[in-house]
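Two complexes follow with chain A in common, the first pairing it with chain B and the second with chain C.
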Partner chain A sequence: MIRLFLGIWLAIVTLLAFVLPMSANPSAWYHLPIIPGLEDKARILFFHVPTAWLSTVGFIASMVYGIRYLRKRDPEDDIKSASAAGVGFLFCILATVTGAIWAKFSWGTYWNWDPRQTSIFVLLLIYGAYFALRSAIDVEEKRATLSAAYAIIAAVVMPFFMFVMPRILASLHPQPVLNVQGKTEMNATMLVLLISSFAGFTGLASWMWNLEVRIQRIVMNSLSGLKGETRV
Partner chain B sequence: MFDFLSSNPLYIVLIISLVVWGGIYIYMARLQRRVETLEKQNDSQR
Partner chain C sequence: MIGTFLNPVLAVLRKDLQSELRTRYAMSALIMFIVSTISIIVFAIGGGTSRSDVLAGMLWVVIFFSSMSGLSRTFVSEEERGTAMTLQLLVPPSVVLFGKLLFNVLLVIGMNILAVALYSFLMTGFTVTSPGLFSLTLILGSGGLAASSTIIAAIIAKANTKGPLFPVLALPILLPLLVVVINMTRLSMEGGDISESVGEFQFLIAYIIVIITASNLLFEYIWRD
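The block that comes next holds the complex of A and B.
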């Protein structure tokens, strides 16, 4: 039932994100403000920003479960950490791709090594190396320990690439949500729609994470069954 | 309909986005059911 609600919720958010009219002077409740220089292209906000945010959440969750694994040595925490990193990585790719498509129409090129693009590219490399590390080690305990330590270090470095570097270097990336003075430039309708989109995408990410954890658990139980070990 | 979509390309993007979301949703729901089946099989084998 919750899944169905999530499906309908995100469909409505998508519909409203495209259908609500933009106006220079929003007079009706359903008007979205025109952001100078972005116009209709500002609608990407409802998809690009939640994906970027959820990649951050996924990487932090990966670190939290990494810490838990190192403290308790429970294989379940390793599965949760790796699955959270997987979901975070997926949303990081989505943020990169949606941003590149937007850049083509705003900047004239898909990729121009803007500080935002460079920092997210480095982040993708960091987490790509995480999965390379996991696939390179066969011994389960050693893999879990090393990848937990890596997840912690990667998540500590992540805010620098996600939040600090793009702000200290000159970037073409717009700040429609918060400008340099930290003032919100959205009207209530846009803000409510953005928060609804955040909620919908968070639901989708947690569904993905939940499924990934359960699948990995089944794989782990099957493998331990083959080896004649106790199941989790 | 075609003329309307030709003059309003934003709605083409909307339709594509909704179709993609529908596809992802159906895939996830099917995956969920398969995982539940596998979990039941796993539990009954214990």
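The block that comes next holds the complex of A and C.
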């Protein structure tokens, strides 16, 4: 049911993102504004921004469930933490790829170490390190504890990175949706479409996360069944 | 009050220094690593380059990978010799953490002095015009490097594959620090003043404090089996 709804919702959002006309003076309700310097390339907004948002959310969720695991020692929290990191990693790759394609057409090159690109590169590195660590430990409790600890340390360091990047390089990246000045070049139609896209992608990510948690739960139960114990 | 915490910490430090002087494992690994990476750089780009950004970057590449080769020993050797359990019984976790941290700080500072001496000897283009800025950078950089490496070493000591995992886990944590210290090293070669880099010093000190605080909170979970 939820799968069907999400499929239809995202199909409509995708369709509208590509077919709604852009005009310099949006008059009809279905007109998107032309953003100077971006024009039709602005359409990536509806896919790139939600994926980038979810790659951060996945990481934060992974850290929050990691903290919960360290407090309560419930294996369920570790499953949730690892699954959130898995979904976040997928969206992180998607955000990197969509961003690089956009950069090719806007900046003329796929990769130029813009602060935004560097930040997402670091996020990819952290996800990679997290999964490398998980695959290197066999014992479940140890794996859960150590990966939770690593996720927390990585999260603690992230603000330093946010501080250090803009000081070194000037960014050519378009202003974030929620920028400091509070002004936006979007009109209501664009904003509604973007929010719908956010909702759709967030729904998709939580559906995937839920699926992965249920799969891992079955794997864990069947493994503990082999050891001769049962888990409710 | 402070003595009751500090004495066992110093005892752990003394134990580590003694066993290190006995085997010289970490020291010889670090020294050989420094010598081989610097000689590769000399063969690759020659000693005469005077581009400050290249020289500053290369120096920290040497320091980063050298510390990756030696700093994990403190915890890995405890696990390999099976002495981790004894240490757990004898002292509280934070004492172990700070003892090992002090040991790593000493090791990194010693290593960095050697690396810089060798580097400036072999790379003729490497000249520091503001020594004050450079030495502060080196000391704070060493502190940050030791602080992050210690907690990462504690994590990987409990994993199955220890060697290749250490740089993989440490790089994302150390990247902001490395970016700042490379920038400051370049500045010290170009004759920058200490007063220009107050923000960077605040950054480094905050980084060290945050890492040590997080390590202290998490170490108990990592250390106890």
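We take it that the second predicted complex is superposed on the first by the 213 of 232 C-alpha atoms of A that agree within 3 Å, B and C clash if a C-alpha of one lies under 4 Å from a C-alpha of the other, contacts with A are read in each partner's own complex, and residues count from 1 in each chain.
Here is the rule we go by: a contact is a pair of C-beta atoms (placed from the backbone, for glycine too) under 8 Å apart; a residue touches a chain by one contact, two chains touch by 3 or more.
All figures in this text were calculated on a predicted structure; none of them were measured in a lab.
*Asks:* Of the two partner chains, chain B (first) and chain C (second), which one does A:Ile126 touch, if any: first, second, both, or neither?
*Replies:* In the superposition, A:Ile126 contacts chain C only.
*Asks:* By the touch definition at the top of the document, which applies to A:Arg3: first (chain B), second (chain C), both, or neither?
*Replies:* A:Arg3: touches chain B, not chain C.
*Asks:* Any idea whether chain B or chain C touches more of chain A?
*Replies:* Greater contact footprint in residues on chain A: C.
*Asks:* Looking at the overlay, what does A:Leu70 touch: chain B (first), chain C (second), both, or neither?
*Replies:* A:Leu70: touches chain C, not chain B.
*Asks:* Which of the two partners, first being chain B and second being chain C, lies in contact with A:Phe18: first, second, both, or neither?
*Replies:* Touch partner of A:Phe18: chain B, not chain C.
*Asks:* Is A:Ile152 contacted by the first partner chain B, the second partner chain C, both or neither?
*Replies:* Only chain C is touched by A:Ile152; chain B is not.
*Asks:* After superposition on the shared chain, which partner residues are touched by A:Ile137: those of chain B (first), chain C (second), both, or neither?
*Replies:* Only chain C; A:Ile137 stays clear of chain B.
*Asks:* So, does A:Phe160 touch the first partner chain B, the second partner chain C, both, or neither?
*Replies:* Second partner only.
*Asks:* With both complexes superposed on chain A, which partner does A:Leu191 reach: first (chain B), second (chain C), both or neither?
*Replies:* Once the two structures are laid over each other on A, A:Leu191 reaches no partner at all.
*Asks:* For chain A, what residues appear in both contact lists, the one with chain B and the one with chain C?
*Replies:* none
*Asks:* Could you list, by residue number, the parts of chain C that touch chain A in their complex?
*Replies:* 151-152, 155-156, 158-161, 165, 168-169, 171-173, 175-177, 179-180, 183, 199, 203, 206-207, 210-211, 214-215, 218, 221-222, 225
*Asks:* Going by the contact rule set out above, which residues of chain B touch chain A in the complex?
*Replies:* That would be residues 10-11, 13-14, 17-18, 21-22, 25, 28-29, 31-32, 35, 38-39, 42, 45-46 of chain B.
*Asks:* Provide the residue numbers of chain A that touch chain C in the complex, in ascending order.
*Replies:* So the residues of chain A in touch with chain C come to 70, 122, 125-126, 128-129, 132-133, 136-138, 142, 145-146, 148-150, 152-154, 156-157, 160-161, 163-164, 167-168.
*Asks:* Of all residues in chain A, which touch chain B in the complex?
*Replies:* Of all residues in chain A, those touching chain B are 3, 7, 10-11, 14-15, 18-19, 40, 43, 207-208, 211, 214-215, 218, 221-222, 225, 231.
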